[in-house]
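Next, two complexes with chain A in common: one pairs it with chain B, the other with chain C.
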Partner chain A sequence: MNWRRASIAAAAAAPIIGLFAWGLTRDPNNIPSPLPGRAAPSFALAVFSPGQGGLMRPAGDTVRLADLKGKVVVLNFWASWCLACRDEHAALSQVAATYEGQPVQFLGVLYNDVPDKGRAWIAEMGGQSYPSVDDPGARVAIDYGLYGVPETFFLDGNGRVAFKNTGPVTPGMVRLKVDSLMAVAALQASAAQPAPAPRAPAKDRAGGPEKTGGAK
Partner chain B sequence: MIITRSWKRTALSLAAIGALAGALGAQAPALPAAPKNAPQDSGALRVQVQGTLTDAQKNDAGLEALTKSVASELRCPVCQGLSIQDSPSELSQQMRTVVKEQLAAGKSQQEVKDYFISKYGEWILLEPQAHGFNLLIYALPVFLVLGGAVFVVFIVKRWTAAPATAGASVPTADDTE
Partner chain C sequence: MIRLIASNAILVALVVTALGAILTPVAILRGRRDWLSFSFAAVYTNFALVTVSTLALVWGLVSHDFSISYVAQVGSRATPTFYTIISLWGALEGSIVFWAWVLGMYAAAVVWFNRKREGNLVPYAAMALLLVALFFHILLLGPANPFQAVFPVPFDGPGPNPLLQNHILMGVHPPLLYLGYVGMTVPFAFAVGAMLSGEVASDDWIRLTRRWTLVAWGFLTAAIIAGMWWSYEVLGWGGYWAWDPVENASFIPWLTCTAYLHSVMVQERRGMLKLWNLNLMVGTFVLTILGTFLTRSGIISSVHAFTQGTIGYYFLGFIAVVLLSTLILVAGNSDKLGSEGKLDAPLSRETAFLLQNMFFTVFMFTVLIGTLFPLVAELVRGVKVSVGTPFFNKMSIPLMVALLFLMGVGPVLPWRKGAGPELKGKLTAGVVLGLLFGVVGLVMGARNAYAVLSFTFAGFALGANVGEFVRGANARVRAHGESWLVALSRLVAGNRRRFGGYVAHIGVVLVALGVTASGTFKKEQEATLTPGQSMTVSGHTVRFKNAWLREEKQRQVVGATMEIMDGTRVSATVEPRMNYYPTSQQPVPTPQVKSTWSGDIYLNLMAFKQDGSNVTVKVIWEPLVPWIWFGGFVICFGAILGILPTRREAAVASAPAGGTP
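== the complex of A and B ==
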C-alpha cells in the first residue's frame, strides 16, 4: 500500500522535476531574435561621427541601408553610457580598419544617447575607424528588436539579417562572420556573371548564410 | 478524543472543498475571459480606430486609450515582467510612441502587436497567444482544478462512507472501525 502511494507521488512529481531541470539548462537572458534570415529593416540615419581614413563618411551625411546593397553591413548599436561597449570598441574599430577598400560597411548606431556624448566617448576611447550615426527616438533600434547595447547585426549583401550578436563582440567572431558573408556574396556574384539565365543553384546559395547562422 | 478526530476529518475535508470552490470561483471568470476578450476587444477597438481616423482631430482621448491597451500587453525589453505601459524606461516610452503612431496611422491593435512580434518574437507579449503549445497554459489550470475537485470528492466520499451507512447520528462509529 505504501509503495503504491509512493510510486503515485513519484509519478506525479517526475514531470514537474523534469520541467524544472529543463529550465535550468536554458539561459533566460538568451531570447532568440526572429530577425536572422529576414530582410533587414531599412533606415536612413545621419552621421555624427565620421570615422577615420578610408572608412570616413562626412558628418551630417545620411547613411541609407538601400545604398549599401551588395555590401556586407556590420551594424553595431552602442551608447556612451554602456560599459560592455567599452570592451568591444577597440576590437571592432581595429577589425573594421582591416576591411578598408572591401565591400564591407561597419556602422555604429548610437542608442538612446546624445551625439555630443557619443563623440566625447569616441575621443576618450582613442577614436573609431568607422562612422557612427544617431538614431533619434530609438526608431531603428526598435525596428531591429533591440533589447540593449551592445548588439551587433551582420547583414549580407542582399540586405538580409544573417546574424545577431548580443553583448560584446570578439575580433575573431566578427572576422569569421564578415568573411563568410563576403565569401557567399562573391560566390553569388561569380554565379550571376557567367550564367545568362538564373537557375536553381543560385537559389540554393542564397539560403547559405541563414544555415550557417542557425548552426552558430 | 475519538470525537475530535472525526471532527477534524470533517473540518479538513470541508476546508479543502471550500478552498477548491474558491479557486474555481477565482479561475472561472479569469480563464475564459482571456481568450474570449482578446478578439472581441481588438474587433471593437479596430472599428473605433477606423472611426476616429475619419474625424482625425478628435481621436486624442480614444487614441490614448488604445495606446494604453496595446502598451499594457507588450513586455518592456529592459525590465522584469513589466509592460511598456507600466515601465518608466526610455525604451518603453519610445515603444509607446511607436504604438501610438502606428495606431494613429490606421493600424489595428493586432497589427501593431504583430509588428512588435515580428521584431522581438512572441516573447514581447506579456500574455501568450492561445494557440498551439501555448494552449497548455490555458488548459492545464482548468484540468488541474477539475481533477482536484474529483480527487477531493473521491477522498471525502471514502472518509465519510462509514458514518453515512451507519447513520449520521452516531459520529463515533467510524472512528471505532
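== the complex of A and C ==
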C-alpha cells in the first residue's frame, strides 16, 4: 500500500461528501419566486364561492386586480385535492374575518379543480370567510409561476408582489405580513399628502357588490 | 403471517451477510481456508432468504394482504394482477426489496461460477458483495421497511401510482434497470477482491470480470432504451429524453462502463491503462450508488418523485464508506499498476480508444456536473438554479458527433503500427455512405451543422462497421471456398467479442439516426376537431371520428377514435385516450402511436367537450423514432454475441473442470 497517495485520495473525497451532507439539509422544492418586488400579474376571475358576512362577494362576480388598487391583497392558491390546504384553511379563514372593513382583500384561487368540488370542500371544512374565484385552465396560476398548492402571494397597495409563501401559512405570519403592508401603505399615503394626491386607500369597495363592466 | 416470514427472512439475512463478510478476512488471515466455504454458504443463504422475502411480498400483493404496510400503500383490489405484481418496484420500499434480491442473485452466481478458482480474489469479492447486501438489508429493516404492521387492516388500498399502471413497459424497464444497475456491483467486487488479494497487477482477473461487466452493461443499455420508450409511449409529450436527474443517474454510469469496455481491450492487448481501467470499474459502481442517492434522497428536485424521509442519510453514509475505502484502496495500489507498453504510433487503434475514453469521460463529467450544479450553486452563491435541456444538448451534441466519427475510425485502424496503405480501401465504404447520408440529410432540409455532421458520421460508422463483416467474410470465401453466408457466420463465431462489438456499433448508428432525424424534422400541431374534421401534419392526415367513454374496473377511460388517412381511404384507426384513476385528480394521458418504418404518427388527446362534440388533439410526426427502439435491440444482440463463450473458451472450460480439488 502506498499510504501517501491513499490519504490524498481520501482527503479528495471529503468535500464531495460534505457537499451532499449539506445538500440533505436543503429542500430542493422550495424555490424562491422572482416575483417579489415586481408588479403582480393582472387577472379577472369569476367568484364561485361568495364567502361570508362583510367579506362576501356574490357568485359570478368578476374580481379584477386592477380594481383592488390601494388594498393589500392576499392571494391564496388552493385545491380540493390538496392535503396541505386543509392544514391552513381554518387559520386563513379566521384571520381574514378579523380584517373586515379594512383595506385588505383575501381571495382564494381554485387551482386545477372544478368549482363543484371546491364548494363541497369549503362546506366540508366549515365555510370560508373570504370569496374564492375559479382559474379555468390555470392561466393565472401560470402567470404567478405556481409550483404547487398551497402557495400564498401578498400584494401591496401598489399592485406589487411583496411576499410569497410556499406551503401552509400560519395565522401569525399572515397577520405580520398584512399588517406591515398596511403600515407601509399608510406611511406612503401620508408622505405623499403634500404632493398631488394619489388615490387614497379605497374603502368604498370593501363590501358592496359592484358591476365592473364599465371599468377599464 | 406472510409479513412475519418476510421481515424475519430479512433479519436473518442481515445476520448471515454480516457474519459471512467478517468471516472472510478472518479465515484468510488465519490461514483457515476451509472456513471460506462458510462465507460462500452465507452468499447462497442470503440469496435464499431474500428470495423468500421477495416472493412473500409479491404474494402479499397478489392476495391483497393489506396488513402489510407496502401492500396498503400501493395495492388495490381493482388493479389488474399484472400491475399488482409489478408494483413490487412501484414505490421505494418494494424497489429496495427487489434490489436486494437482484444483488443476492448476482452474488450467488458469482460465487457459484468461480467457486473452484484458487487464490483469495473470489473470497474477497464475495465479501464485498456481502457488505453491499448488508447495507440494503439495513435499509429494509430501517428507513425502507415494507413489512410494517398496519392496524386496523384496511379493506382496500389506493393502488399504484396511475402513471405506473398505465403501460406494459412498466413491467420491462425497471427489472432491466436493476439488472444493469445492480450488476455493476459485480465488477466492483472483483476489483476490490483483486486489490485485497494482491492480484491486481495480473490481467487474469480482468478477463474474469469482462463477461460480468458486459452482462450488466447489456442490461443497463436495454433499460435506458426501454425507459426512453416508456416515457415516449406514456407521458404524451412526444419526446423520449429530458435530461432529468433520474435519467442522468442511469446514463452517467453507462458512460463510464462503455468507456471501460473499450479501454480494457488496450490493457488486454498492450498492458496499458491498468490504473485507468480500475478507476473506471470502481467509478461505475460508485456512480450507480451516487445516482441512487441523488434520486432517492430528495436532495435534487426531479419529476420522478421518489423522495422519502431519512433514507438519504443512510445512502450518504454508504457513499462515504464506499468512496473513502475504494479511493484508499485504488490509490494505495496505484504503484503496482504501471504501464507495460507505450503508444507506438499516433494513428493506431490504441489512439482511437484513448480518444474515445477521453470523450466518454468528458461526457460523464458534463452530465454529472450539470446534474449536481444546482446543489453547488446553492452552496456557493446561495441561489437556486436549474440546469435544463439547453445546457445538456449544447454540451453533449458535439461529443456525440465526435464519438460517432470515432466509432467509424476505430474498427478500421490497426493495433500498434501506424495506418498503412490498406486503410484507404477500408475507409471507402464508410466515406461513400457518409457522404450519401449527409446529402440526404441536407436534401430533407437539415440546416443545423451538427445534424448534418451527425447524419454523415452515422453513415460513415455504418459503412466502416458493416465493411468489417463484408471484408472478413470475403477473405474466408477466398481462403476456404465457403459460401458467403457460411463464411460470415464462421467469421462471427470465431471472434464473437469483436464482431459483437461491431453489431452494437451498428445498433448505435440506428439510434443516432433516429435521434438526429426526430430532433431535426419533428413536426407537431394541435387542433380542435369536430367529428369528420381532419388535420394534416407533415403530409400525414388524421380524421376525428367520434369520442367515447368507457367504464373499466380500476378506471374511467375517455377516448377519441382517430382515423389515419391514406388519400380518401382509412388506412388505420387509433384511439388516444385519457385514463381517470380514482386516486389521481388529473387524467393520465394515454397517447397512441402508429408506427411505420419511416416514423411514427403520435396522437395525444389533450381535451374534449363533455358531450363529445369536439376534441383537442396533438398530432406529432416523429421521423425515424422506431429506429431508436430497433437500434436498442441490435445493441443488445451485439452484447449477447459478446457474452456467449467462444468455441475455444468452451473447450478450455470443459477440459480441466475436475482438475483441481
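Simple rule for what comes next: the second predicted complex is superposed on the first by the 189 of 216 C-alpha atoms of A that agree within 3 Å, B and C clash if a C-alpha of one lies under 4 Å from a C-alpha of the other, contacts with A are read in each partner's own complex, and residues count from 1 in each chain.
Keep this in mind: a residue touches a chain if its C-beta (ideal position, glycine included) is under 8 Å from a C-beta of that chain, and two chains touch if they have at least 3 such contacts.
Everything quoted here is computed from the prediction, not taken from an experiment.
Colleague: Specify the outcome, clash or fit, for chain B and chain C once both structures are aligned onto chain A.
Modeller: Here the two partners, once superposed via chain A, clash with each other.
Colleague: Check the residue A:D113 against both partner chains and state whether it touches chain B (first), chain C (second), both, or neither.
Modeller: Once the two structures are laid over each other on A, A:D113 reaches chain C alone.
Colleague: Is A:R26 in contact with chain B, with chain C, with both, or with neither (first, second, both, neither)?
Modeller: Only chain C; A:R26 stays clear of chain B.
Colleague: When the two structures are laid over each other on chain A, which of chain B and chain C touches more residues of chain A?
Modeller: Per-residue touch count on chain A favours C.
Colleague: Counting only touches as set out at the top, which of chain B and chain C does A:W3 meet: first, second, both, neither?
Modeller: Touch status of A:W3: second partner only.
Colleague: Which partner does A:G148 reach: the first (chain B), the second (chain C), both, or neither?
Modeller: Touch partner of A:G148: chain B, not chain C.
Colleague: Determine, under the contact definition given at the top, whether A:G101 touches first (chain B), second (chain C), both, or neither.
Modeller: neither
Colleague: Could you tell me if A:G60 is touching chain B, chain C, both of them or neither one (first, second, both, neither)?
Modeller: Neither partner.
Colleague: Is A:I17 touching the first partner chain B, the second partner chain C, both, or neither of them?
Modeller: second
Colleague: Have a look at where A:G126 lands relative to chain B and chain C in the superposition and call it first, second, both or neither.
Modeller: In the superposed model, A:G126 contacts neither chain B nor chain C.
Colleague: Touch check for A:A79: first (chain B), second (chain C), both, or neither?
Modeller: So A:A79 only meets chain C here.
Colleague: In the superposed model, only one of 261-269, 441-449, 567-575 or 639-647 in chain C has C-alpha atoms clashing with chain B. Which one?
Modeller: That would be 261-269, the only stretch with clashing C-alpha atoms.
Colleague: Output the chain A positions appearing in both contact lists, the one against chain B and the one against chain C.
Modeller: Common to the two interfaces on chain A: residues 31-32, 112.
Colleague: Under the touch definition given earlier, write down the residues of chain A that touch chain C in their complex.
Modeller: It is residues 1-3, 5-10, 12-13, 16-17, 19-24, 26-29, 31-32, 79, 81, 112-113 of chain A that touch chain C.
Colleague: Provide the residue numbers of chain A that touch chain B in the complex, in ascending order.
Modeller: Against chain B, chain A makes touches at 31-35, 41, 112, 137-139, 141-148.
Colleague: Could you list, by residue number, the parts of chain B that touch chain A in their complex?
Modeller: 77-78, 90-91, 94-95, 97-98, 117-121, 123
Colleague: Enumerate the contact residues on chain C facing chain A in the complex.
Modeller: Where chain C meets chain A, its residues are 293, 297-301, 312-313, 316, 319-320, 323-324, 327-335, 372, 374-376, 378-379, 384, 585-586.
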